[in-house]
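Each remark here refers to the structure printed beneath this line.
Going by the order they are written in, the chains are A, B, C, D, E and F; count residues from 1 in each one.
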Amino acid sequence: MRIRVIVPITSFSEDYLEDRRKRLSKEALPMTELEFVSVKKGPITIESFYEEELAAIDLLENVKKAEEDGVDAVIIWCSGDPAVHAARELVKIPVVGPGEASFILAALLAHKFTVISPLERDIVRYENMAKILGIESKLASVRPLGITVLGLRSNREKAVERIILLSEKAIKEDGAHAIVLGCLGMFGMAKEVQEKIGIPVIDPGIAALKIAELLVQTGLSFSKLTYPYPPKKES
Amino acid sequence: MRIRVIVPITSFSEDYLEDRRKRLSKEALPMTELEFVSVKKGPITIESFYEEELAAIDLLENVKKAEEDGVDAVIIWCSGDPAVHAARELVKIPVVGPGEASFILAALLAHKFTVISPLERDIVRYENMAKILGIESKLASVRPLGITVLGLRSNREKAVERIILLSEKAIKEDGAHAIVLGCLGMFGMAKEVQEKIGIPVIDPGIAALKIAELLVQTGLSFSKLTYPYPPKKES
Amino acid sequence: MRIRVIVPITSFSEDYLEDRRKRLSKEALPMTELEFVSVKKGPITIESFYEEELAAIDLLENVKKAEEDGVDAVIIWCSGDPAVHAARELVKIPVVGPGEASFILAALLAHKFTVISPLERDIVRYENMAKILGIESKLASVRPLGITVLGLRSNREKAVERIILLSEKAIKEDGAHAIVLGCLGMFGMAKEVQEKIGIPVIDPGIAALKIAELLVQTGLSFSKLTYPYPPKKES
Amino acid sequence: MRIRVIVPITSFSEDYLEDRRKRLSKEALPMTELEFVSVKKGPITIESFYEEELAAIDLLENVKKAEEDGVDAVIIWCSGDPAVHAARELVKIPVVGPGEASFILAALLAHKFTVISPLERDIVRYENMAKILGIESKLASVRPLGITVLGLRSNREKAVERIILLSEKAIKEDGAHAIVLGCLGMFGMAKEVQEKIGIPVIDPGIAALKIAELLVQTGLSFSKLTYPYPPKKES
Amino acid sequence: MRIRVIVPITSFSEDYLEDRRKRLSKEALPMTELEFVSVKKGPITIESFYEEELAAIDLLENVKKAEEDGVDAVIIWCSGDPAVHAARELVKIPVVGPGEASFILAALLAHKFTVISPLERDIVRYENMAKILGIESKLASVRPLGITVLGLRSNREKAVERIILLSEKAIKEDGAHAIVLGCLGMFGMAKEVQEKIGIPVIDPGIAALKIAELLVQTGLSFSKLTYPYPPKKES
Amino acid sequence: MRIRVIVPITSFSEDYLEDRRKRLSKEALPMTELEFVSVKKGPITIESFYEEELAAIDLLENVKKAEEDGVDAVIIWCSGDPAVHAARELVKIPVVGPGEASFILAALLAHKFTVISPLERDIVRYENMAKILGIESKLASVRPLGITVLGLRSNREKAVERIILLSEKAIKEDGAHAIVLGCLGMFGMAKEVQEKIGIPVIDPGIAALKIAELLVQTGLSFSKLTYPYPPKKES
């Protein structure tokens, strides 16, 4: 199966894209063919509702093109799931958001979970995401690292250390029984954290990949009653 | 005070814009100066999440420009409140969404309320809006007219008739005690419907105007902790 | 328009009433004519459910009289909104409670808000008010000052200082993005606090006035399905 | 133990009071001494929030007097539980509301329950009561008989018949697994209905009595943190 | 009336059973005849979902036998209410779980309550119990003692001391207005704690007894629509 | 990877077990080795809470044995997820319940979903399951077929027909946007139904398999804070 990852930001060099592809491919099924593309127009990183909007148009074009190219599923490479509702309207293939994919797995695996986010402002986004998915009673807390997306890339070690620290606080003070890494800038850090803290730590990139593979295998996709095609206009 | 209404769709002619401005001005305070502008690039109408994204970029530019022009508050002329969260990040002045403005007034005035929407697909949007505002227990139902936005414009009489019919059903079958008109295509129809059905009927255009005026008068705006400015990127 | 403020307690001298009228008038629209009346029989202040009951009968008579006198809207000058549901049954004009008016504005302007109340016991009242309005997921916390209503009057400076202190705690510890002043004894303090803490601070007196003006202007009132007239008795 | 039932309406003759006392005594424990008193000033019946307020003052005096007289618990003989929060502030002995008592028993005994109320307007009251008790997810529906309180007294047979009819509808259409009779005017009808429909039917008078007896026996009463004494005023 | 207490664990000696019977009898009505029986096969104590399952089969046989023996109600002597839903399917007589009985009384008596549990792991069980009863908004917190069930028995004094300590914390930090003792190992400790902390403290054993007596007296039992008999199998 | 399916009922002949294994294997990954075992002691089918208890002991022994045998994940072949919480306490490997697995996928794919259950009594079980998972706002309804588990096996055609009929009703009357088949007796029917009704239809057997495979691949399992090992007893 072909799964295309669409990166909605412009700060991924070709090399970086290829690096991500290789790393994620290690988590993929043998029959999965992974492609990474990035938007040409869009924000450097997405850390605000505004930047989600900046990313949307090129992202949506990419989603449509993916289906035309015969791709089986699409992943939006951002935990805020930008434009994911709009994208699902445009196509029949699954469009997976890493945020939602992580949240439902965490809701399954644990009584309550905490999201580790880059910044304080992400609390609004993730609490709203939980409300829309209906699982707010499973969300123990959102704990911000105080590290920007670019900061996560440039200082991986410090980030992992701080994620471990906040996860331990979340367990102790918020009653968290699982951790969701709330940014693709934390991709690849889950296993290390999980080994340290001993509870499930969900990597948004892997969660999205695995849910995408699951959907393609089962022939399931997002409901066309929830995400119908945009209507034709009467003339 | 100056309030600028930004129309996020391209199907308003200059005349139509002016007509809307005049009609809404009748509802405005004497000290309110109303301006209507429309996006140059965007969808014909907004009836999907996708079209919200199409509207966003030009809309957001307009919001920024409004503040630069010294406008006191902005209204997004669409009940789906497209890009309203992003817009609030960009400016300090209030950016009012007619959907949210209508919902909180209805929640105040009645035990439960029903939203009359153009299409069945709007149920998802409005139930999610209620969840995010936290008032889902006050939302009796969303009742779709089965009439598109353009259809509302071209056949006003039929629309009013059908709104009355569905409102009566909502009272009887869903326990609605107030009605929210869930599309700016129904602007100006509330009073007629209210006279017929005898319970509060909230016009989204007027609700947005009055909330905007209220905010300007009181010096209140949307919280900058909920909608902080988009972050500067580290270099 | 004529708006009558009914003070449900007996500790307002004529001078104090006139002082409040003048101060609130500064916030009113030019076309608003404000009247302040106080109950003749009732409690000194309202700090318990019991004192709400003591206030009710004279208050309700005043509400009826207000409508008979041709007043356009009534405000009950107490954030606990005493007898407000009963009052709405008696008349067609809007009867605005400062508590509810503040809560819905805060729910609109911020992801979450905190109520600063006089006493610890007020937590019950305000959490129940949020439940009935349906917005409990927006209520970050209720933070009591530990100052009685009379104490608020006699030591304004200390009150403002403590409100600022608790608001900052609410932001930091409870995730509050806006503040509601939960007592009319704090009337006139919002702007000062807002300047200090930088997020929306809602004054219950001004919120009630502005919502009352909004309702009169739009011809909206509380639903007669939610608040029908008390039934005639069969004989 | 002495339990005093306070009737908050004025339409109970001395004979009727005595008749109610005798009937309720059949349900009481051998050690329970039942007293029925009625307010002297108050409404004929309570069918509105307004009439609750009319009943409150005399009712509250009676509650205080009951404690002074050495009574062990008080029951307010009205399913709307008028002034019950205020009353609990005034005394240490339990003040039981038949509405709340019925609701918690129904929440225990069944997945969901329906309240049969006299009038359509009661829906607001009972849905709000469920919200405050926190059990709205257990409330299947409120079904109004369309019979006033006086009508319940004057035509018992018709009332029972209609309660059975609505209960069967509630089972079939609303998923009710238990029934709460939502008015003391239906006192004594539960057993008859229960025999007919085969699911638990809760009589508010008996529920209140049994909860009152339970509390007295166990030395439990309402929390003084939830219902503290009204504060003394500073001078 | 005959009430049979079924102890679902095997660590009660005959003497200990008799001791419990005597102690609980002091709380019973004069007309109540109390019987204590213990399962023959089952866990030493119940501190996990697994041990609930170990207890279930013998427990359920005992419940059936109780009804055959003409017993009027059954109490499962464990606050986790093991197999209580299954048990109610098998019989018509009330099967009372001390956990549920305590929760609904606490929900009635206080704005919010805290459960004091033996171990940290009990948080999951009690938060889920509150969700199913629908009263999660009334549950302030679950506070674990860090003492096993056997530890509660062997060191009563230390347990009481620690319950008082945690209750005071729950009042101060979690907003608790009542306390539920969340283990039958704390049976008989409530009064002592209540005297110390001054808010209602609910003993699960007494709560279960009193609710059982209440149900027998009123002829109420659990709904057979919620707990229908297990179906006969088609052959 | 090795995944063992444990059938908690005794009515599967060896042939039937093998047939199920073959059918489910068609849905499995190439690297998945599927095993089907059935309890020796247990109910014929599970249609009540009581029968869940009958199934538990042998089921739990099988779960422990599976881990000892080096199996990577276990599936309980029953949509009611019997003893699944207890089972997770006993082992480290994932124990997947088809009910929970289906619910979270449906919550992801659709605004709201309906569960098609065999019998009316299943409504309680599935509404409680949704409450515990926290997704009750996503559950549009539970629609019972009125067909027993054995009936599903003996008359497949009628069952499919009726599932289609109820699914269409659920879409039209309850707002369902996806369907969950709420019994393993409907295993293998999803694709047929999905083709007919055009929205996602989730097969509980396939959902459980795919979630189990996903967990094994990612090294995730259920949180040991939510499901800790049963405690050793002090002696």
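The rule we apply is simple: a contact is a pair of C-beta atoms (placed from the backbone, for glycine too) under 8 Å apart; a residue touches a chain by one contact, two chains touch by 3 or more.
The UniProt protein names, listed by chain, are A, B, C, D, E, F = Hydrogenase expression protein HupH.
Quick caveat, the model's predicted, so the values are computed rather than measured.
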Fewest hops from chain D to chain F - one hop per pair of touching chains: 1
Interface residue overlap between copies chain D and chain E, same or different (over half shared): same
Chain pair, A-B or A-C, that carries the greater number of C-beta contacts: A-B
Separation of chain B from chain C, taking each centre as the mean of its C-alpha atoms, in whole Å: 27
Approximate Å spacing (C-alpha centroids) for the pair chain C, chain D: 30
Interchain centroid distance [CA atoms averaged], chain C/chain F, Å: 52
Length of the line joining the C-alpha centres of chain B and chain F, rounded to whole Å: 44
For chain E, residues that touch 2 or more chains besides their own: 111, 124, 128, 131, 134, 136-137, 226
Topology of the chain contact graph, where touching chains are joined (line, ring, star, complete, other): other
Every chain pair in contact, whichever chains are involved: A-B, A-C, A-E, A-F, B-C, B-D, B-F, C-D, C-E, D-E, D-F, E-F
Touching residues (chain side chain F, partner chain E) in the complex: 44-45, 47-54, 56-57, 60, 83, 85-87, 89-90, 119, 121, 124, 128, 131-132, 134, 148, 150-151, 226-231, 233-234
Sites on chain A touched by chain E in the complex: 111, 137, 175
Chain D residues within the chain E interface of the complex: 27, 29-31, 100-101, 104-105, 107-111, 133-138, 171, 177-178, 191, 194, 198-200, 202-203, 206-207, 210-211, 213-214, 217-226
Residues of chain B touching chain F in the complex: 123-124, 127-128, 131, 136
